[in-house]
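Below are two complexes that have chain A in common, paired first with chain B and then with chain C.
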Partner chain A sequence: MIRYSLRRLILLVITLWLLSLLLFSLNYWYPGDPLTNMSGITANNTIAYQQAELARGFDHGLLSQYVHFLEHLIHGDWGISLVTEQPVFDEIKPLMGATLELGLLAMALALFLGIPLGVYAAIQQRGLLDRVIMGLSLSAYSIPVFWLAQLFILLFALKLNWSPISGQINPLYAINVQTGSVLVDILISDSPYKTAAFYNALHHLWVPVVVLAIMPLTMLIRIMRNSVLDVLQQNYIKAARARGLTDRHIMFRHTLPNALQPIVRQLGLQFSVLMTNIIITEVIFNWPGVGSWLVKSIYERDFPVIQAGLLVLASLILMVNVFVDVVHAWRYPQIRKEIDAE
Partner chain B sequence: MLQRIAIICSAAVLAACGPVSEHAQVEQDGLIYCSEGNPESFNPQLGTSGTTVDATSAQIYDRLLDYDDKRQQFVPALARGWQALDNGTRYRFNLRTDVSFHHTNWFEPSRHFNADDVVFSFNRWLSQQHSYHYVNGGRYPFFRSSGLIRLIHSIERIDEYTVDIKLNQPDSSFLANLATDFAVILSEEYAQQLLRANHPEQIDRLPIGTGPFQFELFRKDFIIRYQRHENYWRQKPEIKRLVYVITPNANKRMLKLLTGECDVIPYPLVNELSKLDQNAEIEVGSSVSPNVSFWAFNTQRPPFDNVLVRQALAHAVNRPAIVQTIYDGNARLATGMLPETSWAYSSAEQTYPFDPAKARELLSAAGYPDGFSMTIWAMPVQRAYNPNAQRMAELMQADLARIGIDATIVSYEWNTFRQRLVEGQHDSVLIGWVADNADPDNFFRPVLSCAAARSGNNRAMWCNPEFDKLLVSAISESNVDQRKHLYQFIEDMVKQQAPLVPIANSLRYQAHRSDIEGVELPPYGGINFRYARRVNDDSL
Partner chain C sequence: MPSKSIYYQYREPSPLRLLWLHMNANPFAVVAFYIFSFLILLMVLSPVIAPYSPDAQFSGAISQPPAWHELGQIQYLFGTDDLGRDLLSRVLAGSVYSLGYPLLATTVAALIGISIGAWAGMSHGVQSSTLNHLLDVVLSIPSLLLALVIIAILGPALHNIMIAITLVLIPQFIHSVHNAFYEERTKDYVAASRLNGCSRWYILTRVIFPNITTVVVMQVTFALSTAILDIAALGFLGLGVQAPAPEWGTMLARSLDQVYLAPWTMILPGVALFLTVLSINVLGDSLRAAIQERVRGT
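Presenting the complex of A and B:
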């Protein structure tokens, strides 16, 4: 287990290193001055520019520039935005909170609904409800998220008036942004209208969360159904039946734990899909997260921000994947054997 | 299982309703304005962008005097009164004594507004030696292009509540310029405090003024938050909180108005106006906006330095069709730079008719029989004078293709866009001008003079000394008939030289929920929320 974890961690470090190399080279591939692209300091600001030149090793060769680049990256000194002239690292923290809030809630919703629905469909195999669930999940899977989001806005916001179109909360509540996750911010705020603010935030939150959850949800249902069906074919289930155990006992003690294995393996992949969709969803719902920030910075050619956005999203996806792999291998020892056998 | 889904769904709907009374209270006390873009800074002295003016001038700051467009006269504001002395070359302003600055987390004023604040605010843009002159750019495009910088000789503090402004020569537009949204008064005490803290640049980011609302927070691309200034020297505003939600997409603004997420929106889509008007929850307001949209050529770049080419291009585009498509009947085809509402307007046609054959002829005469390729820069935002520059550019692209010119459309984010225009990176640009005051001079000097070319506000980068001489003679003339005559000369010259092609004069629209009252849209200047209030449904 330790060997496996170490191997994964080393792989993670190597991938992150490659990512840093890519980001470093981007500064030279973008149009304009590499130092400005990296630090956000323009040559007009002579003194700061000269300081940055020294601090980032621009008086030496490429290698020293790269070493300094890494140093700055690790110390959280990611330069300043070309547009707002604010430190990028400080800007990204609340945005990260908003993105994580949306992503985690969507993932939780997908798991919470997906697993029971998948199991249910498997038990009812070829029954009416199985067909309905599988049919719906297939059609939902084929809807692109940008279209689904517009559709939901049209239906829930404009026709039914059940939800607002955009934002995290009605701005009149004047909740100060601290973590970026609006629910947490409300809880730690000293607003006199905490309860109302909380309801208002949920009111804003549910449509983007549902939109985001649908894609992983449909995948989870399908995987869960197939996996439960597989497990039910196994000899140990037959043996359990023969021993006269109740259906309930077989389901919770024997089927589910084994059927969850492909789900855990899929979580990393689903998370990557979710992060891609979250960028689109954030733009459509004006969600103040990393995704909409990244898209905006591309329009504005704000290179330090583009880099930071890429770095954060990419390393988040990498780390979640490695984490899921390790947990997966820890919970299901047979996987380790498969990998080691290669 | 279906039951469970039903329960979850209904829980979500229930959550949506929430504790209604608290929510109603929060809504009652506040107002949401969905603005069309990010302000460049929180000091209107530094720019001419309408978005910045809307977000700052009437909300955070006050001026020495205001212009009352109903009575068509200047009314006292921070100055209680003023006299013109020495044949109009010296103005004495008596200041109010009871005006307090904003109390915020970042600044606690220790004194009331006085003459030092006026002297500071003026000297910041007037004097290059001033310690704040070069802070945050050091360009004061309005003051440069309106000529105020050259007009004012000096400003002097006489006593704590009296200041004198000395002019180099008498000028009929001086008071009009002081009443514009740009001549705001900042706090001198705050500036000193920032200077000591070594952060002078904060003065335009965390603003302090005397206006009806005080700045609280700005999150780029999301919101600007203000709260009521509790010690405001005039009648306090009724709303306690004012929030600008930045919504650049015009469609989304309309939708958010419909769902009640916005109380007031600027620049509603012109072709949806009639539909909006039928909706009982929404009211559409319009005001005469003295504006003109135009297509300016970068006269510093070949081939646009050739007047024949410019004339050819002016002939090549079908302006009536463009105006019909883009404004949907809510604008008038421009007959010159001056709109119909200006007193110097004349009905004489001062533009070129649509004539592709003539355009080809002129192009051949200029030495480009096969045409050339060029860029049309189209604004990324909607303005009163141009609700959809991108679409307009597409229409022009088609017209230009007919005379063999291959045009590509270029656009950037609004602030980047303006910055690159100042640098002169464009071939031609679709933009426009909204007058800051009622004087016809304001349609020419800030837009086409050499001073405007230097300050970067002259989108045609056009500098013609003869034209400048005409402008000066028009401004020094005090006889109205004579002035009117001179402005016709000026219009003629703009037509002959064609540094730009005037396209349309339009109304400025704004739409709001019907329970909002008192949002002012003065013809000269930015939106004003001082009198805004929410009417209770019960009282209707």
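Presenting the complex of A and C:
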């Protein structure tokens, strides 16, 4: 186990290093001056530009530039935005909170509904509900997320008037942004209308969360159904049945723990899919997160921001994937054997 | 005239033919196949069958509802958008951007990716295991994010999107082809051909490749649906095909502002996109099932 974890960690470090190399070279591939792209300081600001030139090793060769780039990256000095002229690192923290809130809630919803529905479909195999669930999940998997979001806005916000069209919370509540995650911000704020603000935030939150949850949900249902069906054919289930255990006992003690294995393995991939959808969904719902910030920065050709957005999203995805791999190998030793044996 | 098949001769169907037989047994796959072929046909014929030019504006019919609405007119079957352009013609013309260009990108990516994957699959040792690990990691980063970065470098334009999507799809092909080769390489029939003294090129093209066609076909369907969704998503974000072109994602982005006044402008491009991706996904899904069945059958 230790050997496996170490291998994954070393791979993670190597990949993050490659990511840093990519980010560094992007500064030279983007149009314009590499130093401006890296630090956000334009040549008009002569004194600051000269200082940045020295601080980032631009008087020496590429190698020293890369070393200084890495140093700045690790110290959290990610340059300033070309548009707002604010430090990128400070800007990204609340945005990250908002994105994570959306992502985690959607993932939680998908897991919460997907596993029971998958098990249910498997028990009812080839029954009416199984067909309905599987058909719906295949078509839901093919709906582009931006169209789904539009349909939801059309239905829930315009026709039924159940929720606002976009945004995080009604600005009248004047909640200070601290973590970026609006629910947490309300809880730690000293606003006199906490409960009302909380309900208002939930009112804004549920449509994007449902839109985001549908894609991973459908995948989880399909994987769970197939995996339960696989497990139910194993000999140990037959043995358990032969011992006279109840259906309930077999399901919860023998089938489910084993059937969850492919789900755990898929979580990393599902997280990547979710992050793609978050980028688009945030733009549609005007959610102040990393995704909409990244897309806006591409319109504005704000290179320090593009770089930071890419770094944060890519490293988040990489770390979640390695984490899921390690947890998977820790919980399911038979996988470890397969990996070590090769 | 004597019948040609006097003697009973059992012919083992080729892997691809076997797959086709399995697919034919699944009604959903057959329907998806027909829908997909129909869409391709529409795309090829779109310049001929579209009633109007996609850019023609009718100043007398701005934001006209579909024909079955009481305000609708039959000459604009699915209505017109806020600039008075016929939606049906635009969706038909848009299929070239939203289906034709992804097909092109997938083909190019498949050619490059399969060659590299095959080369890596035939090489031994550290080289290929490093490649495998690296690709594992690169593939966990979403293709849209990578495409966004490439667009940030090149700038939004049709040919840049094509470059970005092709580049993003290549690693997927390398990965799956490499893995398939790696699995087949150690099997007995390959060892037998090697002992017979076949050249590497012969083993690659005539011995192993026919046995991994199924994997390649499946990967192509997967890459195609990714390419369609990514090109539409980029168009939707305003970073892809630029505005007057009738690309489905761009049309949806425009309809987002019109959703109060003309909700029908978002239905048709969305349905087109959904049907295309659904038919490809069902095809891919039943291919996967058929491959599993074939593997189990042998």
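Just so we're on the same page, the second predicted complex is superposed on the first by the 342 of 342 C-alpha atoms of A that agree within 3 Å, B and C clash if a C-alpha of one lies under 4 Å from a C-alpha of the other, contacts with A are read in each partner's own complex, and residues count from 1 in each chain.
Methods note: contacts are C-beta pairs under 8 Å (C-beta built on N, C-alpha and C of every residue); 3 or more make two chains touch, one makes a residue touch a chain.
Keep in mind that what you see is a predicted model, and the values were worked out from it rather than measured.
A.B. asks: Just to be sure I read the superposition right, which of the two partners does A:Ser166 touch: chain B = first, chain C = second, or both, or neither?
C.D. replies: Touch partner of A:Ser166: chain B, not chain C.
A.B. asks: Does the superposition put A:Leu158 against chain B (first), chain C (second), both, or neither?
C.D. replies: both
A.B. asks: Answer with first, second, both or neither: which of chain B and chain C does A:Arg265 touch in the superposed model?
C.D. replies: Neither partner.
A.B. asks: Just to be sure I read the superposition right, which of the two partners does A:Trp206 touch: chain B = first, chain C = second, or both, or neither?
C.D. replies: Touch partner of A:Trp206: chain B, not chain C.
A.B. asks: Of the two partner chains, chain B (first) and chain C (second), which one does A:Tyr299 touch, if any: first, second, both, or neither?
C.D. replies: Both partners.
A.B. asks: Have a look at where A:His68 lands relative to chain B and chain C in the superposition and call it first, second, both or neither.
C.D. replies: Touch status of A:His68: no partner.
A.B. asks: Once chain A of both complexes is superposed, is A:Tyr120 in touch with chain B (first), chain C (second), both, or neither?
C.D. replies: Touch status of A:Tyr120: first partner only.
A.B. asks: Taking the superposition as given, does A:Val177 touch the first partner, chain B, the second, chain C, both, or neither?
C.D. replies: Touch status of A:Val177: first partner only.
A.B. asks: Using the touch definition from the top, say if A:Val83 reaches chain B (first), chain C (second), both or neither.
C.D. replies: So A:Val83 only meets chain B here.
A.B. asks: Residue by residue on chain A, keep only those touching chain B in one complex and chain C in the other, then list them.
C.D. replies: Common interface on chain A, chain B vs chain C: 153, 158, 299, 301.
A.B. asks: What does chain A use to touch chain B in their complex?
C.D. replies: Per the stated touch rule, the residues are 83-84, 113, 116-117, 120, 129, 153, 157-158, 161-167, 170-174, 176-177, 193, 195-196, 199-200, 202-203, 206, 286, 288, 292-293, 296, 299-301.
A.B. asks: Applying the document's contact rule, which stretches of chain B touch chain A when the two form their complex?
C.D. replies: Of all residues in chain B, those touching chain A are 1, 4-5, 8, 12-13, 15-19, 22-23, 25-27, 29-30, 32, 216-217, 219-223, 225, 241, 243, 245, 247, 252, 255-256, 258-259, 261, 412-413, 415-416.
A.B. asks: Could you list, by residue number, the parts of chain A that touch chain C in their complex?
C.D. replies: Those residues of chain A that touch chain C are 11, 15, 18, 26, 29-31, 138-139, 141-147, 150-151, 153-154, 158, 268-269, 272-273, 275-276, 279-280, 283-284, 294-295, 298-299, 301, 303, 306, 310, 313-314, 317-318, 321.
A.B. asks: Would you mind writing out the residues of chain C in touch with chain A in their complex?
C.D. replies: 133-134, 137, 140-145, 148-149, 151-153, 155, 225, 229, 232-233, 236-239, 249, 252-253, 255-256, 259-260, 263, 266, 270, 273-274, 277-278, 281-282, 285
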